[in-house]
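Chain nomenclature is as follows: A, B, C, D, E and F, assigned in order of appearance, with residue numbering initiated at 1 for each chain independently.
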Amino acid sequence: MGKLINDGIRVDGRRADELRPYRLEVGVLKNADGSAYIELGKNKIIVAVYGPKEVHPKHLSLPDRCIIRCRYHMSPFSTDVRKTPAPSRREIEISKVIREALEPAILVGEYPRTAIDIFLEVLQSDGGSRCAGITAASLALADAGISMYDLVAACAAGKVDGTIVLDLSDVEDKEGEADMPVAVMPNLGVITLLQLDGILTHEEFKRGLDLALEGCRRLHEAQRKALMERYFKTAPNQEVE
Amino acid sequence: MAAAKKSFVMEHLRKAHMIELLAKGKRLDGRALLDYRPIDIKCNVIQKANGSAQVSLGNTQVIAGVKIEVGPPFPDTPDKGLLVVNAEILPLASPYAEPGPPDEEAIELSRVVDRGVRESGMIDLSKLVLTPGQKVRAVFVDVSVLNVDGNLIDATSYAVVSALMTTKMPELEVSENLQIKEKPNTIPLPVSNIPVSVTFARIGESLIIDPDSEEESVMDARITLTTVDDGHLCAGQKGLAGGLTYEQIMFAAETAKIKGQEIREIIKKVVGSIG
Amino acid sequence: MGKLINDGIRVDGRRADELRPYRLEVGVLKNADGSAYIELGKNKIIVAVYGPKEVHPKHLSLPDRCIIRCRYHMSPFSTDVRKTPAPSRREIEISKVIREALEPAILVGEYPRTAIDIFLEVLQSDGGSRCAGITAASLALADAGISMYDLVAACAAGKVDGTIVLDLSDVEDKEGEADMPVAVMPNLGVITLLQLDGILTHEEFKRGLDLALEGCRRLHEAQRKALMERYFKTAPNQEVE
Amino acid sequence: MAAAKKSFVMEHLRKAHMIELLAKGKRLDGRALLDYRPIDIKCNVIQKANGSAQVSLGNTQVIAGVKIEVGPPFPDTPDKGLLVVNAEILPLASPYAEPGPPDEEAIELSRVVDRGVRESGMIDLSKLVLTPGQKVRAVFVDVSVLNVDGNLIDATSYAVVSALMTTKMPELEVSENLQIKEKPNTIPLPVSNIPVSVTFARIGESLIIDPDSEEESVMDARITLTTVDDGHLCAGQKGLAGGLTYEQIMFAAETAKIKGQEIREIIKKVVGSIG
Amino acid sequence: MGKLINDGIRVDGRRADELRPYRLEVGVLKNADGSAYIELGKNKIIVAVYGPKEVHPKHLSLPDRCIIRCRYHMSPFSTDVRKTPAPSRREIEISKVIREALEPAILVGEYPRTAIDIFLEVLQSDGGSRCAGITAASLALADAGISMYDLVAACAAGKVDGTIVLDLSDVEDKEGEADMPVAVMPNLGVITLLQLDGILTHEEFKRGLDLALEGCRRLHEAQRKALMERYFKTAPNQEVE
Amino acid sequence: MAAAKKSFVMEHLRKAHMIELLAKGKRLDGRALLDYRPIDIKCNVIQKANGSAQVSLGNTQVIAGVKIEVGPPFPDTPDKGLLVVNAEILPLASPYAEPGPPDEEAIELSRVVDRGVRESGMIDLSKLVLTPGQKVRAVFVDVSVLNVDGNLIDATSYAVVSALMTTKMPELEVSENLQIKEKPNTIPLPVSNIPVSVTFARIGESLIIDPDSEEESVMDARITLTTVDDGHLCAGQKGLAGGLTYEQIMFAAETAKIKGQEIREIIKKVVGSIG
């Protein structure tokens, strides 16, 4: 296994603080109330939002707010080795953390006794699929007209060959030292997702978090452009860094 | 659940209106009775799959991915590779789809498309044997339905066929001691035929092709007939709680041959452009 | 693998247009509202009908008609190799096509807000079990007093050793070229089941369909006799061709 | 669900009436307290099974099929064949049975019948070993309950025993290199004993045998005792949310011996007539 | 396999009519309405009772009494070989017989339209875990303040090396000739559990039952002391025979 | 279900009261914001397990058991043993827990604790290989939650770590022909590190440590940070539908180091006393 960083350049040619190429698109599915699509590196993820809608059975609804339901799912052909369609424990946990990353942005009190469903389908997976999924899901929520305090943008930082890097690819995630996915509402400075797998000193933790937040800010800008493109047709619909 | 909430009055009115239109040979979206909606096929959309295709049929959208693995054959067919077709109607595809294991609609969809491919002899499964009775190639074709707007069977079928036709898999070498080694080059699947399904809906006394969701919501019966390259029939499936007359079935069989040939040309053109 | 047809005679001694021996019986189970039993070749299938009855939960009921539910199930000992009791994908699909073959005959509007359950248990399986099941289920529905436009009779045709034949046995189904199960309401001329597995020319398709419909007509006659036997005790209760 | 809909007043009246009758030694259908309903046993009803039997106990109807396979033994019993008894109460058997995996009643039924067969030593499992620790015969006995009218345990038990006694399986030969070859002739299972279960219901202070559904709907407790050829007890199971006195249990144990012998003769006669 | 009884002494040093060492404790869990803990030989079982409480969905409730629900479950580390957490058929059957052993003691008519849940968790298993579980569960019901006719005490007898013995251990259960678990309401003389696995003559059956009932009486005494200890702090909280 | 029945007025009042108290640096049970409840750890409580520990954190009670088996490695890590952490919130642990397969809360609990152990490198999995690619040791750590009163993650984490540190397993010998033989003596797991998780709750603007159930019922967000022996961070998980500021996270990271060291000493002391 070769080194992952040579002369400051990563195996896919990026510098430490560079995002992978990405593409965001809003309004890609006809039936959904809101939808979005993201490509980030090899990730290809489509997200649909349905709701606010009635809750069945009714006793699961809440009188003063809506409930948010979220399903992150990988298509069987999305991975290197075929994945069975039934949801794995990993997918169940990621569904939960994605929901909890998005919910702080939603004005849940505006939709009492209803539910909002967020469905993420990973058509092709790469490192950072949960972050890419959050970034796209927030766009789908906006496309559905759900009231939000801010968009949520997500991006990981991590440690690879001793260097703190932004937006880990699959191989960097698997063979690197640490991975730290982060989501944030950039305008409010509120961090809504933080996970860490792997060892970081406190100094590295701080630098990683700073770098991840910088990546989120760039993706947030791209989210705004994708919405403008969808609703005002004034910006190009593809943003490749 | 949805059914119980429908306005039955409105449903009957809509159906009456549609039957009136169809009697004049017209459809709500302006198509003639035997017209397909625009068909769009894109291959190689999933790089991690051995083959893939995304198909739109009007607003119906599906994506198929092929994964090739090596494993043991089924005990009763030691001299054949495996072919498994599995379709899921994702919850993001429609307000009525629900998360969970495939329901009977998705299972029927999978099995009808599977039979079309299997019975046509499209893939020569006997050529997928590596060491007889021990190791064969297993071809998994998984389909994710992304947006439901009627006629999932044909959209799924075209996606599966297109993905299989553009599949590349590593060449494998079986050494003398029966070890399997991957060679650097890739080869296509042994494809010998293009099965094409054509699905009809009966609404009142009219037979139409490629129904959309609105037409499906009032259709009485459905029939899918699949033909092979030389126009012969290789698979069929009547669906829904209505019947068909002998004449309607014979008409559908003839039409499936003609329309099937048109769509076969579309698929060939897309696949051919991939090389 | 030997030839399946020799001098026009099939492996089980039948001519091309002959049905296997069959036996129909109505009213074989005490608890069911209606029931029937069929033997066709080695097939042994028992069918019970319960209903019309209340639907739980209620929101699954329909205000202007009854819903029909159908379960085709094979006992573990019914097959050459033991079958696990959990329903297979094949059983789920066959349950659906059987339901859709029977439903056109039922006056569903007469039973608003109710359900009719049809349970088919294959005690021993042979080729054509779905057709045999439909033929018996239609009798069970009649035995339950359900209003119907017509009885539904079902029978397959197919292609074996290049010949179009009626009512394929297990070995003919597996080793033959094509199998086409058909169900029909004979008095109305409405075909309610048609499936095809295997390659037929259009000419063969037509001849197969004609032959299958002829088989259905013969089974329809047997159905009528079985009902007479049950309700008027005037006909013999066994019909072996 | 059914329970909640019952008329409790009617239920109490019916129970009171039944207790009054039982106190006089009578039952609603005219039987004496310790009478079985008519027992009908037919063997070899399923030709595809290695053994089979259909049993009627009044209106209770069950069918058992035996399938013999070859497979690995359980890791903790390398020197024994497998015996698996599984009963399903089919949804066609009663308005209260539902499709789905076996509920606790069906699981108890399977396990009580299984234990009766197993603990009696009816089948000498050590004689089902082909190559120790590697390959043994596995005996699957599946029971489908077709009509429920009380006392499923005894009906199932008699069907299982009758099917096992008439089972034929191909003789197998283990070659020197441990290959297993099927010989043309068939042999019976190594049966050495006929376990017979007898099930009692307590209603009020009365013990009755072979309760039907109506009696079961008001019974307080149930006890099943199984005896072997020489009259010894080999299995027991008290059921339901009521208790039994010491004297009732002792009476049941004595009666199970006497009644068990009667039923054993019936089974022997049916099985003997098969040869 | 050595002999299990030598000179009247069993492999663990007990005489034929001796119980294994035991310990009973009431009120061991904070959240439960009632709870108890038992050690008997190597068995370690904790029991919680919740209820009487509302039933969901309501149509499962009964208008004139409460329903009793019971779950006997083994922790994965409780057995010699790790057990998967999903309930086995054995656990489902034992849950049923435990419920039916306890229910005769409960004044179910005092709690119409409610449910009482009894959860037994086997932290470490040994022979006789269902009996030990019943003995503890009855204490947990008392601790929850449920009205009962009597406590239920349970104990097995069996046959080992030709001898009728009390309270079989794991090895005696597996390698002995017969095992007969029994539960009883000692003050009322009502037997609420009786199972038998293995061959006994009628004489042995009677002696086994007598011995099991004697064991139950001793455990009943221990149950009373454990309750006294919990509620009146006058007795020692451990009883080791 | 429970949620829908809550009194929302009462909930808001309780939360307001708690925020007021917290602003003064006080908690309902008298603890300071960064105080743990009393921690009690008992090891070797389950003799049938290779290792075990029962942990109380206030009224939260969990028990962890370790079972060591031998089996094949995962195909993609042929040179590593297996580690599987699985936690179940037993229905006896709370009025809100239900029987059934683990829900998302229990799955998150399992996976967060698993990652803490795994990412810390606590167990050197490469030392658990017996024959590379064929046989490795599989370490199953199962946790049963017995009483729920908040902060299940830390209680589970300490139980898992304590059980692993006191695990004994038979020494195994691999013979030349790759047979695996058990030796009479036992050895510990190859433990090199003690990961310690520290869980914070944010309620209003206050960060507290080790929330109990009452505090959890009103908390806005949760964050767990796990440190290794030298104070570095090895795992983290933010939970719940609220966010945290940058400063709150940095404060939590520093505090996790300090508190983690205190708890590491407690664990070491308990484990050391076992020898």
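FYI, a residue touches a chain if its C-beta (ideal position, glycine included) is under 8 Å from a C-beta of that chain, and two chains touch if they have at least 3 such contacts.
What you see is a predicted model, and the numbers here were worked out from it, not measured in a lab.
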item	value
Intersection of the contact lists for subunit A and subunit B	none
Reference subunit C; chain at largest CA-centroid distance	F
Whole-Å separation of chain centres (CA-atom averages), subunit B against subunit E	58
Centroid distance [mean C-alpha coordinates] between subunit C and subunit A, Å	52
Centroid distance [mean C-alpha coordinates] between subunit F and subunit A, Å	27
Gap in Å, rounded to a whole number, between the CA centres of subunit D and subunit B	48
Junction residues of subunit B - those touching two or more other chains	1
Graph class of chain-chain contacts, one of line, ring, star, complete, other	ring
Successive chains along the ring, subunit D then subunit E then the rest	D, E, F, A, B, C
Subunit E partner contacts - residues on subunit F that touch it in the complex	1, 45-49, 52, 59, 61, 63-67, 69, 86, 88, 90-95, 99, 101-102, 140, 142, 144, 146-149
Partner subunit D, residues of subunit E touching it in the complex	59-64, 68, 89-90, 92-93, 95-97, 99-100, 103-104, 178, 180, 185, 188-202, 205-206, 209, 213
Of subunit E, residues touching subunit F in the complex	29-32, 35, 42, 44, 46-48, 50, 53, 56, 71, 73, 75-82, 85-86, 117, 119, 121, 123-125
Subunit C partner contacts - residues on subunit B that touch it in the complex	1, 3-4, 8, 104, 107-108, 110-111, 115, 119-121, 223, 225, 228, 231-246, 249-250, 253-254, 257
